[in-house]
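Labels for the chains are A, B, C and D, by order of writing; each one numbers its residues from 1.
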Amino acid sequence: MEHLFTNLATALTGWMITLGLSPVWADVILLLVKWIIIITIITLNIIILIWLERKVSAFFQERLGPNRLGPFGIFQTIADAIKLLTKEDIVPSAADKLIFKTAPMFFIVVAVMLYTVIPMGQGMEVINLNIGLLFFISMGSLSTIALLMAGWGSDNKWSLMGAVRSVAQMISYEIPLAFSLLGVVMISGSLNLQDIVAAQDNIWFVILQPIAFLTYFIAATAELNRGPFDMPEAEQELTGGAYTEYTGMRWALFFLAEYTNLVAVSALMATVFLGGWQGPWLPSWLWIIIKTYGVILVFFWVKWTFPRIRMDHLMSFSWKVLVPVSLGNILLTGAGIYFCQWMGWC
Amino acid sequence: MNGQGLIKGLGITLKHFFQKEITEQYPDVMPELATRFRGCLQFEFEKCIACGICVNSCPNNVLSFETEKSENSKKKKLLSYTIDFQYCMFCNLCVEGCPKDCLHFDHDFELSTFSRDDIKRVYLRPAEMDEEKEADAAPVQDEQESKEQKQIDAMLKALQKNPQKILAKMLEQEEDIGILSELMQSNEKTAGKIAELLVKDKEKAAKVAAGFVTKEKKNRLQAEKGGEE
Amino acid sequence: MVLETKNDQLNDVEELAGNNILVTTFEKLWNWGRSWSFWPLNYGCNCCPIEVMAAGAGRFDQARFGYEVVRAVPRQADLLTVAGPITLKMKPAIERVWAQMPEPKWVIAMGNCAVSGGPFKDGYSVLPGVDSIIPVDVYIPGCPVRPEALFHGMLELKKKVQQGEYRRS
Amino acid sequence: MMQSDIYNVNVGPIHPSTHGGLHAEAVMDGEIIQDVIVHLGYVHRSVEKIAESKTYQQFVPYTARLDYLATNLPVLGYCQAVEKLLGIEVPERAEYIRIIMAELSRIASHQIAISATGIDLGATTGLMYGMRDRERIMNIFEMTGGQRLLSSYIRIGGVGADIPDEFIPAVQSFVNDIPKMMDEYNGLMTGNEIWEARMKGVGILSKEDAVKYGVTGPNLRASGIAYDIRKAEPYGIYDRFDFDIPARSGGDSLDRWNIRIEELGESGRIIQQALDNLPEGEVKAKIPKVLKAEAGTEVYHRIESAKGELGYYIVSDGGNKPYRLHVRAPSFINLMVLPLVCRGGVFQDLITNIATLDPILGESDR
C-alpha cells in the first residue's frame, strides 16, 4: 500500500520507455499524468469539502444539513455544480470585460499551482523543488491580484470595496505567514518541503514552534478569506464583495479556488507543523489526507463559531500583534538554535 | 479576555456538535400541530343560514355569498359561498361570529398553487340539497315522496326530542344508545340520515346506527388520548 | 454551453428533442440539477421573512433540501422569494433585482401580501400582488406562511422544474 | 494632504442586513462614514388610512402586522386603547394571560434582535441558537391563538379563548430555561473578544441626544436612563409585579445588546409571577357586537413595546370606526438617530448599529 502510487509511476515510465520513448519524453508525459491526477484530486476534494462544510455547519447549529439527495446528501454538490454550469453568463455592460473574464481563471490557476510542491506521501510530489516553501508562499500571494482584478473589472462599489479590503488584508497577513514559517526553515535548514517533513522524524514542529503554529493558523485563515476574516465576501455587509457581479460558472470558479486554497494551505500546515506524511501503520498518502482534513475541520469550527472581525481591527491585529509576535518567534528560534549549538546538542 | 471568550465560544459550538439535532423532517414526518392551529378555512354549506355575520365581521372582504329569495317563503336561499383565500388574515373573527358553526379552520397548510385563481374557493349549492328543499317548498310534488318526507321529518323531530325510545329498537346495549342519542341531539346531519333510513329501510338503519356508534366511540377515545398527551 | 434563455429557443430545443436523444438527456440532467439547487434571494419586509428565517433555522432546516445557500446578490440566485407586500416605492427595486438575476430563474410569492396585496389590498400604496410586475411560479397563501408550507411550495416548484416547464413572459 | 473622495453606497432596500425595507444611503470617504441618509417608506402600507375604514374589532389583526416580532404587544396596546376609549373592564384572568403573552412576545422580539445581530455580524450560529429557543414561544402562541407568528389572540375586552391545558407547563418549562439561554448567548457572543471589539464604543448615543431625539425602549435604557412605561405609568396590571429595569450608561452597541439579554431575564420574572397568581374566571368581558364611542372622544394610550414607547391615538366621530388613528411607532423614532451614531465610524459599524438599534420597518413605515 505504501508505495502504491510511486510504483505505479515507475511502472508507467518503464512501460513508456519500452514503447520507444526517450526518458525525457517519458518524464514529461508522467508530469502531465500527475497534473491530471492533481486536478482530479482537487475536484473530488471540493465536492466532498463543500458537502462536508454544509454538514459540519449544520451539526454545529443543531440542524441536519443536506440529507435528501443520495446517502447523507452527498450528491448535493453535484446538483449545485450542474445548475451552476447551466446558468446564464452575465457580463455587466459597464465592466472591464477582459479583466472581468480572466479574473476567475487566474484565481483558479494560481490555486492549482499551489499543489505542485506539496508532498502527498513519501516521494510523491509533482516537482521536488528545493525552494518549495518559497514557491508556495509566492504563489499564494498571487491570488490577491485575481481578487483585485475581479473587484476592479466588475465596476461595482461592493466589488471594489471587497477587492480593496482583500488586497489590504492579504498583503498584511502575507508577512506574518511567511515569518511564522521562517522558524521552521531555520530549524530544518531547508526550503524543500520533503526535507522539512524528514526533519520532523523525531518531533513535530508544532511542539518546537507553538507560537509559529498559532500565528500561521491565524494568518492562514486571513489568507484564505475564511471566517472570521471573510472580508472580501462578507455577505451581510458587502452582499458579495469582490464576487458580487459574477454569475454561474464564473462565480463557481472563485468558489472552487477558495476551497482549493483551503486544501492547499491546510496540507502545507500538516506538512510543515504536523509531521507531513509521517505516521505509523497507515500508508504515507493516507496520513497526509487525515491530517489535512483534521486541519480543515478546525477551520470550519472556527468559521462557524466566530463573528466577523472589523476591517480596521483586522489590520491593526496583523501589524501590531502578529508581525511582532512572529518576529519575536524568529529571534527566539535563533537564540534556541544558538543555545543548542553552544551546548553541543545539535 | 485574552482569548478566553473565543475558547468559551468554541466550547459551546463543540458541545452542540455532538448534541442531537432538533430538526423536524417535514415532508416525511408531518408536524404535530396544536388543536387550535388555523390552516385552511372550510365552509359547510348545509349548515349556513346566510345571515351574513361572517361577511360583516371579516376585516378584509374575504367572504362573500350569493342568495336568492324563494318565492313561497321568506327564507333566503344560499346559492354560492366564496372564500377568497388570498386576502385572508387568519384572524378567526368569522369563525367566532358564525352562529351555526359553518366555518372552521382545518389543519391543512399545504396550500401552494401554480395559479392565483386556484386559491379562491367557491362553494356551489350541492344538488341533493336542492331536491330536498324543493320538496319542502312545493307540496304539489309526487304525493308518495312528500308523504315520505313528512314521515322523515316527524321521525327527525322525535329523534331529537326523545331518541332513547326509538333507538332502543335498533340497538341492544344501553351504553350505545346513550352515545347515539347524544349524537342525534348534537349533530343534525346524522340524525337526518338515520331518520330517513328508519322510514325507508329499518335493517339498514340499524347497521348504519351501529357504524355511527363505533365511529363516535373511536373519536372519543382519540379525544381522550389527545387530552392526556 | 447551450443556454435556453428565451421561449423561442426553448421551442427549438423541444423540436430538436425528437431527433436527438442527447439533448433531451441533458435537459433532464439540467432540470435535475436545477431542481435540487434553488439558491434563494429573499426579499421580504413583513412577517413572512421571519418565517423564512425560522425555515432556515434548526427546527425546520431548509438545508435538508439543499436550498439553504441564501444569496445576498441577485447575480447568483435562482429563486426570488417575494415575502411581503410590494409597495409603490419598492416596485422599481424588485423589478431591478429580477432583471439582474441570471436565467433560468423562478419566483415564489410567499404569503398573502405577495400573492395579492393581502391584508393591505385596500391601501393606496400597495400593489395587488407581485404577479402584476414579475411572473410568479408558485403561490403560497398564508398569513404568515408556515415554514412547512414554504417547503411545500418549494417542493411543488421542484416538481414543476423537473417536468421541464419553464415559462417566461 | 490626501484629497478625499466622497462616494455613496446604497445599503438596501434589498440587502441582507436591513431588517426589511430600510434604505440607508451611506456617504463614505474610503471606509469612513461621513453621513447616513435614511430613506423610509419602502414598507409603507397605509395602515393608518386602512384603520379608518375598519371597525374597531376588524382592525385588531392589522395591529399585529405592525410589529410582527413582538406580535402580542402592538395588539395589546391597541386593545387597551380601545378599552380606554369605550370604558370596558377586562376580567382578571384575561389580564394575567395578557401579561404572559405580552412578555413572551417581548422575549421573542429580543430573541430575534439577538439572532439578527448575530447573523449581521457574521456569527451565523448565534442566529440558529436564538431561533431555536424562539420556536418554543411560537409553539405556545400556536396552542393559544392558532397561528405561529400572528396569533391575534388578544381581543378587545380580553383574549380570544381560554388557555389550553398544556399552556402552563409549556410556559413554565420555558421560563425555567431562560437563564440557560442567556448563558449560551453570552458565552457564544457577548464574551467573545471579536464581538466585543466590534461593539464596544461603536455607535455611542449620549444621554442628551437620546432624550433630544425621543428615543425610547432598550436603546434609551442603554444610554443611561432607566425609563420604562411599565414602571413609569403602569398599564394593565403591571403595578402588581416585581421586576427591575436594566440600565447601562455607555450608550454604545454593546450596552444596547446587553440590555436586551438582561431583559429576557426580567420578562421571565414577570411571567413567573403571573403564572403563580393566575386566577380562575372569565377571559372575555361582555361587550356589544358593535362598538361605538361617543362623538368627539379621543384617547392616547401607550405601552412599553419591545422597541420602546408604542402609542395609539384614536379619535372617534361617533361611528363604529375610528375617525383617525395614529400610531406612535418607537422604531420610526429610534431609527432617526442612525445617522448620528454612525458618523465617523467605519462601514461595518453601520451594520452593527442597524442591528443593535433593532428597528422594525413594518412599524416604522406603517
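In the analysis below, a contact is a pair of C-beta atoms (placed from the backbone, for glycine too) under 8 Å apart; a residue touches a chain by one contact, two chains touch by 3 or more.
It should be emphasised that the depicted structure is a prediction, and the values quoted were computed from it without experimental measurement.
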Determine which of the two chain pairs, A-B or B-D, is joined by the larger number of C-beta pairs in contact.
B-D
By CA centroids, point me to the most central chain in this structure.
C
Distance between chain centroids, defined by C-alpha means - chain A, chain B (Å)
63
Please tell me the distance, in whole Å, between the geometric centres of chain B and chain D computed from their C-alpha atoms.
38
Could you tell me the distance, in whole angstrom, between the mean C-alpha positions of chain C and chain D?
31
So what's the Cα centroid distance for chain A and chain D, whole Å?
45
Do you know which chain B residues sit against two or more other chains?
6, 9, 12-13, 16, 21-23, 25, 59, 89-90
Could you list which residues of chain A touch at least two other chains?
58, 60-64, 235-236, 239, 304-306
Could you list which residues of chain D touch at least two other chains?
15-16, 61-62, 125, 128-129, 132, 147, 150, 188-189, 192, 194-195
Chains as vertices, touching pairs as edges: which of line, ring, star, complete or other describes this one?
complete
Which stretch or stretches of chain A touch chain B in the complex?
56, 58-64, 301-302, 304-306
In the complex, chain A residues that touch chain D
57, 60-63, 157-158, 161, 227-228, 230, 234-237, 239, 304-313
Can you list the chain C residues touching chain D in their complex?
41, 43-47, 49-51, 53-54, 56-59, 70, 72, 84-85, 87, 89-90, 93-94, 97, 119-120, 122-126, 143-144, 146
Given the complex with chain A, which residues does chain B contribute to the contact?
6, 9-10, 12-14, 16-17, 19-23, 25
Counting only contacts in the complex, chain B reaches chain C at residues 21-27, 31, 59-60, 85-90, 109-116, 118-119
